[in-house]
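The two complexes that follow have chain A in common; it is paired with chain B in the first and with chain C in the second.
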Partner chain A sequence: MARFVVRRLIGMVAVLFAVSVLTFLVFNVIPNSDPAQRMAGRAAKPELIATINEEWGFEDPLPQQYLTMMGKVFSGDLVSYKGRENVEERIVEGIPATVSLCLGAAVIWLFFGILFGYLSAVRAGGLLDRGLTVLAVTGISMPVFWLAAIFLNYLTYKTEIFPSGEYVEFTTDPLEWANHLILPWITLAILYVGFYSRVLRSSMLDVMNEDYVRTARAKGLSERRVMSRHVMRNSLIPIVTLFGLDFGALLGGAILIEAIFSLNGVGQYAYESLQSLDLPPIMAIVLYGAFFVVLLNTLVDIAYAYLDPRIRLGTSAQ
Partner chain B sequence: MAPESIAATGLAGAGPWRLGLRRLRSNRVALASLGLFALIVVFVLAAPLWADHVAETGPNKTHTLQKIEVDGEKRDVVNPEGKPIGPVWLGAGGKFFLGADSRLGRDEMVRLMYGGRTSLFIGIVSGLLTTALATLLALLSGYFRGWTDTVISRAMDVIWAFPVLLFAIALGLVLAVGGLQIGPLHLSGGSIWIPILIIGVVMVPYMARPIRGEVLSLREKEFVESAIAQGAGTVRIMFSEILPNLISTIIVFFTLNIAANMLLESALSFLGVGVQAPNASWGTMIATGNNLISSAPLLTIIPGTMILLTVLSLNVFGDGLRDALDPKSKVRFEAHSGLSAPEGSETIGGLTP
Partner chain C sequence: MTEPLLCVRDLRVGFVTETGRVQAADGVSFDVAPGEVLAIVGESGSGKSVTAQTIIGLTRSPNSRIAGSVRLRGAELIDAGDDELRKVRGEQIGMVFQDPMTSFNPVYRVGRQIVEAVRAHRRDIGNSEAREIAVEMLDSVGIPDPAQRIDDYPHEFSGGMRQRAMIAMALALEPELLIADEPTTALDVTVQAQILALLERLNRERGLATILITHDLGVVAEVADRVLVMYAGRVVEQGTLDEIFYDPQHPYTWGLLGSLTRIDRDRPERLPQISGAPPSLQSLPQGCPFRPRCPHEFDRCPELPGLDARLAEAPAHLDRCWLEPEEKRELRQVEGQIGLEAPK
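Now for the complex of A and B:
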């Protein structure tokens, strides 16, 4: 087991390394992204560009530039090209909003996803199941930014039921914090509710056909006990896995939702930096986001290996 | 039941495809969504007809200072405050059926039809690209295993670890500004091939992983062993023994992948890093409409509804197709927001919010 964990952790570092190299290359090999030119402005004198190149080391060989940048990432000295802000500080500032958005949305989507999935599976083929399926597939098929824009128009601008996004610190006023986040929460959760309820439904239907469920019924357990002890427990496994990964991915910033509701989280910072092709913050945010994705991926793998010895000992290609 | 009566009911001798078709035909919901999708395709294909013969304008043609006659009354296409005319339906003989799109005074209906062409084209072509790449990589890594598999799987892991939308936006920004030069092939910044390439590549791991799993298990089947015993070469085993057994999975994935790709395209175009102005796509139309959402909400609602209907029809049809072709399938593919599942959890996803 220890060897397996070590192997996975090494793999994790390797993937993060590759992600950082790829990000760096995207912004350095592809033409027209000369940062000195952009920083100096359109009609800049060549001397100015030369000074900027000198100061930031843009003329250095690429591997050296990469190493310098990564050194700064780890020492926390990374500074953005635009406005010369400290990148780490901005990311840390954005974390409360992003985490609040993810946590609240996750509570909503888990609750309704599991509820709807359960009801659908128990009444499979019935009217309720069909209705919930229609809702779920519709939720999955919507562009999330579009839904957000429509919610904002009708629920905020027209009727003023909800305030327009904008993050309020929890410590400042917990009620306002929730009030400002409720619309982003709902918008984000709708997508996942559709998805999770469908995953749970199909996994419950699979489990309900298992022999051990029939055995449980045959030995006279109440329907309620069969459902909670035998069916739900096993059907929730894919949900737990999915949740780990989705939540990990979201912690890296929900770009569209944060941008539309101006939540000032990590996702919005990513979006702003992307618009000015500002490599240092993008690099830091990509690594920060990829870190959570890879970390949760690894944790899920390790949890599986712990539960199922075949994975750790065997021929699994992962 | 006696064998004769089985033959009499017509069940004997039906191959898996025919059985699949039969199952599909009895799935009314799937057929209805196929019908809806076909209607949408006809709608966007009719764009030049509507533009030339009814609206008499092009998708990018501006009418800022013009007046049109609606039910005998002269009206500005764009009023002095810059507000575009709303839907006039057939009041002007089909011109400005859905009104104008912005202060540029372009015909919303014509843009909706041409924009749909762009969105569908990007969705389908990038879907073909994803499917081709994913199938090839899955065949190689599942068949050769060993270090080929390690290299390909690790490369997939890297793309997988990227926040999908962030990666796509980064590529979109850099390429939309600079264009792309691959050998003799040059793509300028505004080319729709740039979003096609980006989406096609970004989505590959989501499809390659489950197909690879299938290749791994097919490879152990007796028919592959017998092909090896007959002296069949690697290429022949991969493409004429294993590939045909993957076709039903691939068709299902392709359908659902188009849906996921269209959602990603709309997000990229909405953020300004997909389809470039002045060209329309449903995503850029939402972005344009969103500027006027409080005074003219239809300009946002209509293109979004078109995306919703198209993606919905593809998702439902893809589901029905899977039930019909591969009723025992364990693999689920959804046009989904958020990252996705690891191997074995039966789910593969697409977008990020």
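Now for the complex of A and C:
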């Protein structure tokens, strides 16, 4: 286990390094991204640009600039080009909204994804299965921005059933917190409910054909126990994989949903920074997102070992 | 004769597929007496596994069509409700499958799976008591250090040990009948012999009746009391071990016996085989299904022979072949031993 964690930590550093270098290079080859010019304004005098370049070190060689920026990332005093605000503080401010959005949506999509997948598989080929298949494919096919717009139009502007997003702190008012998040949760979850129910259905159908499921029936277990004990647990492995990837990626900012519902989370900050080509926040958010993806994947590997004892962490490579 | 433990009559199992109906078992009848070892032999697709699995309802599905009668101590199982059937499985009839590698759930400990089997039927038995039963069972099937190994996962067992553990699990509730579906096929030869010895011992010590499904006549010769030979979903010959081995009546049985390799004979240049392949179950030839592969075919064969006793001295020795017994005894002699001639 200790070996496994150490290996994963080394891997994580490597991933974060690669991601940061790529982000930095991409930013520097984008046309029209010269930060000094953007900061000085449209018709800026060359002296002003020179001063800014001097002050921020934009004339330094790229590796030097990269190192300076990473130094600031890790010391917590990274400042955005636009507005000169502290990036880390902004990200920390956005985390509660993003985490609330992701956690709530994840609970919904896991619950319904697993429920629908289970029902589909148990009744494979039947009417219920076909109905759920249609629902799932519809859910997967609807673009999030479109669905969000439809919800906002009908449930917020026309009928005023739900508020139009905007994040309310849980500590201020838990009811309002949930009320404001319901639409974003549902919008975000619908896509994943579709995916997860399809994946679980096919993985359960595979497992149902396994010899050990026949053994379970042959020893006289009830059908419910066969399903819940012998089919489900082995079918959950692909779901765990997917969940690790999806949840990690979303924690890095659910950009579309946050922007549409103005949740003021990390995703919305990323969206705004991208629009103004503001490298420091982009860099910090990308690193923060990559960190969660790697972290969640590590947790997934640990979950594998729990779900399938044939996988032994740390010793499996020997 | 004692009252049979299991009585199968005219069992028909068909499956509806996209390309038509497949009749996997067609009119299969046999009895199993208490304490008897009945072997069902036949090649792949002869319907032996389907027959065995249908006994405890494992072939039930929206696509299967099952008819006939299976009575266990007089109780009909074919149209039994799910709950009734569930009580029979494991408690009255234990089942062991071919591949011990895949027949245990890989994610649960071996002991836990045995405990689960016990407690599925006996709610009054607590976990620790069920565990003791499991340890005892593992011990009785020859797992060394069972109190320790009970907490192993299946992948920590060898193939032979897993099959022993499967047998322990199938017998944990002391059923009267064990159905062993090719229990030795996936094991190497020395382990095969150990498992057979184990089955034989259980049969002797516990009076356990066994249906042994196999395609290996060598296995049959070691443990069976009676033999059922199946071909293309039908029983083609049925008799005691001696009758089948020393006075076989059906050409297909001759072919099976002729293709046995024997250590007490000279090694032939090429292993004898039955030419051709079994017919498709969707388009059986008219009459005797073995007709296309049989070198002794004659003008009566397009009519399906019944499974009848054709020998006055052995009323329980049944077969499905129109040839006269005297004729058969001549025809089955190939190079001084029982076999099936190569087709002309």
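For the reader, a short list of remarks on this structure follows.
Heads up, the rule we're going with is that the second predicted complex is superposed on the first by the 294 of 318 C-alpha atoms of A that agree within 3 Å, B and C clash if a C-alpha of one lies under 4 Å from a C-alpha of the other, contacts with A are read in each partner's own complex, and residues count from 1 in each chain.
Here is the rule we use: a residue touches a chain if its C-beta (ideal position, glycine included) is under 8 Å from a C-beta of that chain, and two chains touch if they have at least 3 such contacts.
Every value quoted in this text rests on a predicted model; they were computed, and no experiment measured them.
Once chain A of one complex is fitted onto chain A of the other, the partner contacts of A:K45 are absent, as it touches neither chain B nor chain C. Legend: residue contacts after superposition of the two complexes on their common chain; A:S141 is shown touching chain B, with no touch to chain C.
Of the two partner chains, chain C is the only one touched by A:L221; chain B is not. Once the two complexes are overlaid on the shared chain, A:R7 sits clear of chain B and of chain C alike. By the touch criterion defined above, A:V286 reaches chain B but does not reach chain C.
Once the two structures are superposed, chain B and chain C can be ranked by residues of chain A touched, with B on top. After overlaying the two complexes on the shared chain, residue contacts for A:E210 are found with chain C alone; chain B is out of touch.
By the document's definition of touching, of the two partners only chain B reaches A:V294; chain C does not. Of the two partner chains, chain B is the only one that A:A270 touches; chain C does not reach it.
Residues 125, 210-212, 214-223, 225, 229-230, 233-234, 307-310 of chain A are the ones that touch chain C when the two sit in their complex. Every residue of chain A that touches chain B in the complex is listed here, in rising order: 11, 14-16, 18-19, 22-23, 26-27, 30-33, 137-138, 140-147, 149-150, 152-154, 157-158, 188, 191-192, 195, 198-199, 202-203, 237-238, 241-242, 245-246, 248-250, 252-257, 259, 270-271, 274-275, 277, 282, 285-286, 289-290, 293-294, 297, 300-301, 304, 317-318.
Those residues of chain B that touch chain A in the complex are listed here as 145, 149, 153-154, 157-158, 160-167, 169-171, 173-175, 177-181, 216, 259, 263, 266-267, 270-271, 273, 283, 286, 290, 293-294, 297, 300-301, 304, 307-308, 311-312, 315-316, 319, 332, 334-347, 349, 351-353. On chain C, the positions that touch chain A within their shared complex are 56, 58, 62, 82, 86-91, 94-95, 97, 99, 102-108, 116-117, 120-121, 153, 155, 166, 169-170.
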